[in-house]
């Protein structure tokens, strides 16, 4: 199929890593591990995020190490959720790398549980240290073009501005700022958090974003696996459209049919 | 010896190594990351790293996250 | 692939006709007949619109009868463009049927060349007559829920409310009214005109629309064929998402990772 | 005050009638007649709508004839609510005129109680007859530019396109179509239904609308009288801005301060 | 007049300072000093921003010290425009205070002339120092709720999140984030930059913002003085509406007139 | 005589005019509009307009409306 | 005979049928729809339908349209 | 003495104070803020503050700004 062919050739590079899919998946909030695994497969993602939690013998079934390690062609990106400041985030990143042996880290520092929005000051400080320690740092950030540029300047592998607060499903509420981030960035821009529908993922890609990270929208769908496939198609649609070049908008109507007046006869 | 493991008091027996602790608690080593007093300890060192009285140990696993 | 499978089973019925694709294509504005044919193929559409124009020996290459008749699995829907009132539209419909032998007619009556917006009064009158004459009538209409319902009541096979004025690319500017039309309709609802991007087509499908009709967005793209494929994916993404059940939105953030505080140590 | 002075000179003409305020008020949904009267006064409106209901001795206090007739400088515009078709609307208009002795009629025909959206076919038919009978006809219509033009052509005194469904408070959901109606109209355009906030009323006026009709937003406010004053200010703000000429938008930032670099010294 | 009375009582406190108007004005971009003075008067503002520029004998007429010092009841808020980092911003603030003898400083650090968006890291650092030096610091910031909270925590007198990039007139593009800032803030929230129309200023106030800062929209209007009056009315409208309590929105229509069916007769 | 007034059966006495009906029902004439069998009857004619058996009468007043 | 074809004056020779007109103008019959004085004439009737002086003929083909 | 004033070379005469410089350049003191080598100098000190060879002086006034 035309578009699949396009997709195969359209590799996303993050640092020295190559990904064949521009859809990243979060693994939280699923009703079961199996539902998560099915959605990951249907989505075609090659990069999934995971979180760390204290070992608890009584909840062994929550341990995703086993199930995820069986997925072919899917890499792990541990996040630093729970970190309230740079020091804690660095600790979380080091722990995550110990387990995942992955170069990727999703740097997230959100001190306020009510909105889970990222702290730009702590995130900036942590990013500098994690880059020094050899991580491919993908920070979850506010849609702040100057912050995004400064994180690029200190060596982050990508930036992940939010579309809206985690789990709200309010979509690309920050679109105007994301457009500026994309225009100025020399590293991949990934929209993270807030997306609810494939149309929003497609829109982010049409704006020139390089990828999107989705979790709640898929995990909380009535049918997570079908929604994973829907987001896969949406991301591909948006990416293809970006490459195909969208028509310009117009203030006045432009006919798509001839407006000849053969229909009126002199006898009318 | 008295430890705090994942925020809870724990009396460790055995040879007092990290390995001993993991065995006691029935953790799957390959699935576990570990921190002592805020410092990450690589798994290669678990067999040989002795724990000390009042150490704070955090044992962590991967769970679903966004 | 999961979604392709879904699509295959998800047949759209208009009157007694069945269509495997929910993307309809207009054939106007393309730079060449070949560009149009390629886009039609890439889009996977099974229903394309055509217009009537006076025969002109000097412009024989504009005659699409030949090229279109070679496309397999693609049916024609002649439109009534150029009609200024019900009488002219009925004439155009009859002429189109003579040539196409197709039961479908896109009923469009837009007296004002500046905005090409449809006339509800003439459209309603023409629809009644064309239904009597056995057409599957698909009227291009303003996003007017009462008009849509009345057209359903007089026997139209589907209604095609506009998203925005033809060729403006302003997208789903009438979304609130289209949602009401969809909620009340017992016949297919097709968004026609105004769509610029696959994300907008996906959004229309997520809202529960049954199909979209696109022309300018594909014909005026830098790469019409790739854009045709992009719209195909967008329509499928939106349709799958509608069937998979979108998550609800939330006013407050909902964490997708555990927020345990193992990261702070007593020594911090 | 500057703007009040402007307002005084900025008379709105509907047919041969002159109005000093561009805010029309509906009188329904208020918690009490007194609350309604207070809101009418605070709003500065000079035109209020009223409905007809069967006389019921037990509910004499609902009879607004007395209270409204005591308001100075406020004219009545009976509506035709309850009418399901043209014939009933004409009847309602005649009854309203008997009581109000007013030339104004708000022509509303909305057969569906679930969305209360207007019927374009019946409204058009009724408008023709009511114009013949000498009314100043202000039809409540969908935001349909061709219908609006046809109603102007048959002699309506103004058109009142909806912003959103009555009572939903969804604001100017039909803005794109209303802009076209305004651009083409030679009679006043009044946004009726859907407005929730003074900012939306201001926006309608900035778009070039001639007035707005508000009911639910004021009647259902915590403080209807204060909200009446707020809408008064909003309408005046929008009207003044329209006359003052809004700045154009820009895709790139335009500095409002000099960007001289005196702040860096050679010793930095 | 009701609303004016309300306004008089509705004092805005910034630190220990009291302001009777919730509209702040920038003084840049005006075609002449007189045009600026007239707009300031018409707007009713009590706080205007000014910038510093190198003395140039040949452009003595640009010196606003004289004209502004003659305005009664208008205080100055020097800005730090031109500053590329915290150190330069602190310098600019000290210079501004020397001249203005005003406690207010608009802290703005925007290194990129293409979008003039603020630098959160430098702004945070400068704010800490300027608070120590006794300023009432009003930082111009991205619409970043965590940054806003941290600036409150270090003693800023207010925060001024942007609606859109300076001079673009794109309005409240960051509305979703501004709502969160307002919900969490214990200091005044002032929307700065991006506003183009009084309706947008009204909307910001309806969202619960405490004031707005406007420059381009007034300076670049065809009639700046009339636009100043329009923004005055818009800000008052939005503030009154916020205090009056907006109606909730509804997914279904809610009638404002009785829907009795007296109009149909048995003989119909 | 038997009438239907505002949808309800009503037995009218008096001289059988519209005025008589309004008096019986206690309606304020200046606040009332009236329709007989679907036709509006101007108030000037109420005193002189006789009603007939089975007439459908609608008596209406102004109430709040948008 | 004098006709108006697609808005232009045309002198028709031959047997004066629609077929003759189409041949003269070199139209591909299978690709053409035709209307005489506002009435559609099905192709089956072209061979046998005579045209008359001053008839208004419209000959139409499919072109790109949305 | 040689100074750099607002980025331009300037040869200062007089008593070499800031006041002297302002007088030379015809600046209105009450409308001017001043910085020497990056340090703000309050106006009270202008009469008594001597400038030195190669000092960088910035003289600033208020202009329109947002």
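By written order: A, B, C, D, E, F, G and H. Residues from 1 in each chain.
Here, a contact is a pair of C-beta atoms (placed from the backbone, for glycine too) under 8 Å apart; a residue touches a chain by one contact, two chains touch by 3 or more.
Model, not experiment: these values are computed from the prediction.
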Touching subunit E and subunit H alike: which chains? D
Among E-H, D-H or E-F, the pair whose interface repeats that of A-B, with over half of its contact pairs matching by residue number, is E-H
Looking only at C-beta pairs that count as contacts, which pair of chains has more of them, E-F or C-G? C-G
Centre-of-Cα separation between subunit F and subunit B, whole angstrom: 92
Where the CA atoms of subunit D average out and where those of subunit F average out, how many Å apart are those spots? 34
Chain-centre distance (mean CA atoms) for subunit C and subunit F, in whole Å, is 54
Could you tell me which residues belong to subunit F and also touch two or more other chains? 6-7, 38, 58, 60, 63-66
Per-residue multi-chain contacts in subunit A, two or more chains: 26, 28-29, 51-54, 79, 81, 91, 114-115, 117, 165-166, 170, 215-216, 255-258, 262, 268
Using the touch rule from the top of the page, what pairs of chains touch, sorted by label? A-B, A-C, A-E, A-G, B-C, C-D, C-G, D-E, D-F, D-H, E-F, E-H
Interface residues, subunit H side, partner subunit E - complex: 6-7, 25-28, 30-35, 38, 40, 42-43, 58-66
Taking the complex as given, what residues does subunit A use to touch subunit C? 1-3, 6, 26, 28-29, 42, 51-54, 79, 81-84, 87-89, 91-92, 108, 113-117, 165-170, 196-200, 202-203, 206, 215-217, 219-227, 229-234, 236-238, 240-241, 243-264, 268
Using the touch definition up top, name the residues of subunit C that touch subunit B in the complex. 255-258, 262, 265-268
Of all residues in subunit B, which touch subunit C in the complex? 6-7, 37-38, 56, 58, 60, 63-66
Which subunit C residues qualify as touching subunit G in the complex? 26-30, 36, 49-57, 62-66, 68, 76, 78-79, 81, 91, 94-96, 98-100, 166, 193, 213, 215-216
